[in-house]
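Order of writing sets the chain letters: A, B, C and D. Residues in each chain are counted from 1.
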């Protein structure tokens, strides 16, 4: 029974079905329970959160990643799966906290001051949450002081800065400067992304990584995880 | 006066104005005498045919050729000039014969049996006539026997065969074979042309030259002239 | 079942109604005076019997001057079918064309002498030998019957190709004028289940070719119902001359009742006036003359209004298929054919350039896009043809197929109606109320529905342009796909009853 | 004198009259509910004063919900000019657009960060070192003010370019947010005498930029009569949000009475519905909202209906300018703008591909041809832009110019009338009576008249495709051509009165 539920969670993650109303890739699962309904079932059945995560959620996301790499899946599929996993993690959060299980890490993300573009930022947030990180979205047009304040108080391990415009990308350097001034620079890995920036620019302003797309953000964080 | 007439002939060849009704390249000469009217004048003035040809007609055609090479002139320009020269040569023919001046050579041209396409053939005829050759156009869909008969009786130094169709190009080989059988092959240079044929094909059937376009026919004949 | 075609809801037209009328009337004037020169006696006799005014040409017993009164043409046009069906070995590939419906079917085009092979040799950067690149190189050679088989095979699998015109002239040593027809028909029909059209090399072979088609279709009556083959005849030589032998072929084909494209290909500047008004009045007169003759030979003969107008290049007087005018004349002809309600055989995708490359892409896209937009029924669209249709390159055909898929998508009509709008207004209101304001969740239901166009199919993964390499991979895949050959029994009967087919084309014998 | 433009006699339209009405009505519904979110207080005040229903957003003092009743929009549209004049340093380059006339002017497009240099290094055949070829290679680097000067210079000489949008983002070390505007305006205006349009980096600089334009035009009144500069503002962020700072800029520009493009660039799939009905209803609502605001700020402000719709790529959710839908949305927008009679700023020639090559040619030709056929007045046509408009390549711009010349030729109307027909019928009868039956002699009178299209301008002499090499030669020629700089005296006054222009841009100082 428990095995079946975990397998079903995995399958529904692959299909990107958060709830029973979602259609998924094909019609085969139409009307059957989605990830959220299955989570309830799993917790009722006292299946361990660890098993749910590793054998259900993460195992499903791995398949999704493979299908994306082989071009069978598109981003909307990936996001649907990540959203399902993110919602499941929200359900598990109190359980995990009670069991003192640590998350993969805390990630803060913001579109810098002057810039109001947030598609990329939002996608990164969804994907990282789906990858098991605790994500704090600080929003758009966020001034440096607000970011510094958040880093000081909430101590995220990772900070993502986004800018679409060439006129606002310089603000990323301002944020990094402010972190240095507040002696917080070494407490957080800073990743930057957005249409205007580049690898070269990341080095120039002293960021830790440039992420060409949303997936490189996931890969970058996972690599820091492994290294730590 | 005579210098002026010859210069005017040359200029009108360059402009491609056969008669005074022709417009030429630009409007500058509109209404003034064309090559034909100037020829009358020149013969009345007893200007030597040699001078008319070398300093007027041929000198003009040389300029035309240069302008064509430099892409200032297009084929219709070239043809207009060649037609003017051809018409002038027709006027000079009796005079030249009387003076026993030889033409550059006699050229027969035909579209082979089964083929009725004649644009290319006609253009070659006009250009060669304009280049000073005596041109005999045998027409389209000409059977081998008729060609052989002409070669035997009229003794042209050059024979041009044209075919557009892949289905009729083999007929060119038939003509060459018939010339061989009649022991006439060595009396005439055979040039072939047309969309269907190629250099390779020319070698295959034993033709003397393949002409990719109308100008290569002129060049080929001129090179034989120089060699002889 | 039949092929779908591309319906062009609002065909692109260049001519006003008055201009169409003027062209029509001028063509009628031309057919009366100067009329046609006919080098074909039978045609003269047929036309003479229906009211044409015949005059023999002074000093020539092989040609006649034919003046066609308007009434003769108008009467004959009445019997030309408005709907023409082109059958196919696989009935799902049937093409049904209506002269008044701008629905486009894409057919391969023309006969080429040269087959262009492609190879990707490695080149090394001269001053940095560590840098290697693969460069496409194209090598021409004479086409063979095996090439024709390969081309038929790939065209079977190119989804946008609705019908096959033999595009390679077979020039093997053992191909003669006598056996060329049966071999090109067999090579094509045996490797492609779509409709097959060709010209005939030798009228003698018409019986053999038709017999072959009957055997494949399942008999004489079956071939009539499902005409898997049709013919193209250029009976008119521009300007305004009926050619002796092709007119013989045309008359013979009409008598059989098989579909036939009456094609004229004047070149503006040499065999037609350089001005658009002139080439249009003339080509229309020429095609109508052919159609008239066909209908007088056998009323109801299914004919296509075959227009292959082209402009002369000013530096060579060769055809300039790449000239913008060439496309414009074709678009005009589509409109004229539609005016008469007769399905139109039009030309696009042609180019002056000699190899696949920037120039060929630019030239062919211009004509592919705009001529397709005009809505000809039978678009002879030069899949893979280069160098003014004298060269065939399979790689280019694969590219053309992809580009026609883009054209098909482009011509789709918008799905904008009350019901659709209600759905999206609901989406807009829902999303507007969320903080993230993203519509991504609405993508998935349409993602795999075919409603969205794909990315450019030969887009590489890096910075470089890998179009040729990726198209070449696709071409290899297509070549490796099996085709449904004519069955063993029918093949045996064909080889028995139709003389001259090369034994190496028998796939069943080859197996042994 | 003014620039000619390309008159599209019969514009290509995808929408029926009913569909246009449905989109219009749905946009009106959207503007009422859900309406807009405005992050700009002044806009809220202006709209509030004219009948919009304002609601503050709970827990946020920086944004307001604005519901725009249909009547407010309809009234405001009445004062939007149907004719917009864009002036130019050289008055012969003036562009006059009428919202109801499908006459196309081609303007360069967008601001790119990356400048693509091209080089032709030699490569050697690996197994046959005697064979050498030159291969185009493209190298990206960040754009500089010198690049912008070069681009302006070449675009001055590209004949098809009717106006210049700064296409290179200047990223020199000495360029700051404060001096960027004056430098981009000066670099562009000093190297190009056509109309100049740009967005503003910093609203602070509006006065300086306008002052510069006044000095060049000859005073405040002269600039009003001959608006040599105009602005583009993306005040709407999709879906349906008025952005704080660009709306400030927009309002300030409207107050000046200078022409301004109200641009919205939703992406179908993310910031707009994936369905055509949805993105069309939304973008139309967004643009109308901007135009309405502009007219309420200052009635009669010359505005362009600025539409830059695009579809999302499914594998990245980035913009897919190469998607066929992107062209379709643009064509629809042209039709909507014409419905309102307001000149349309539309987009074509865009592509996904990263460098000039097969893919870029195919992608951009599709959109260039069909969007131009739709007849937008102001075609922001991505001359030289690549990689979703993030890269500029001068070589590509030279190619685009040549292709637009082909499009111009394509769109010419046929010259077919009674008089022309009489001339050609005479030719036909004359030629029919000759034995050779050739029309060649009639070519010369039209040969140099411009009536005939040329061969592909970058056709090589051999078998190979030499398009890039020949276009590169042309590019070098264009770069070597002189441009008419702003005169010495005016330049001195500009440097005196407008702070922040880099001294190296002063061509007169440089001479010394």
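The criterion applied here is as follows: a contact is a pair of C-beta atoms (placed from the backbone, for glycine too) under 8 Å apart; a residue touches a chain by one contact, two chains touch by 3 or more.
Remember, predicted model here, so these are calculated numbers, not experimental data.
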item: Chain whose average C-alpha position is farthest from chain C's own; value: A
item: Where chain B and chain C are represented by their mean Cα positions, the distance between them in whole Å; value: 38
item: Length of the line joining the C-alpha centres of chain A and chain B, rounded to whole Å; value: 80
item: Separation of chain A from chain C, taking each centre as the mean of its C-alpha atoms, in whole Å; value: 54
item: Junction residues of chain A - those touching two or more other chains; value: 74-76, 119
item: Chain D: positions in contact with at least two other chains; value: 269-271, 314-315, 317, 438, 440, 443, 447
item: Overall pattern in which the protein chains touch one another (line/ring/star/complete/other); value: other
item: Contact footprint of chain C on chain B as seen in their complex; value: 71, 74-76, 114, 116-117, 119, 123, 166-167, 170, 195-196, 213
item: Partner chain A, residues of chain D touching it in the complex; value: 39, 111, 113, 169, 171, 177, 180, 201, 237, 243-245, 267, 269-271, 314-317, 390
item: Of all residues in chain B, those that touch chain D in their complex; value: 16, 23, 25, 74-77, 79-80, 118-119, 122
item: Contact footprint of chain B on chain D as seen in their complex; value: 436, 438, 440-441, 443-445, 447-448
item: Partner chain C, residues of chain D touching it in the complex; value: 10, 12-15, 19, 22-23, 26, 29-30, 33-34, 37, 121-127, 132-133, 135, 138, 239-241, 269-278, 280-282, 311-315, 317, 320, 322-325, 327-328, 332, 352-363, 365-366, 369-370, 373, 399, 403, 406, 409-410, 413-418, 420-421, 423-425, 427-429, 431-433, 437-440, 442-443, 446-447, 451-453, 455-456, 458-459, 463-465, 467-468
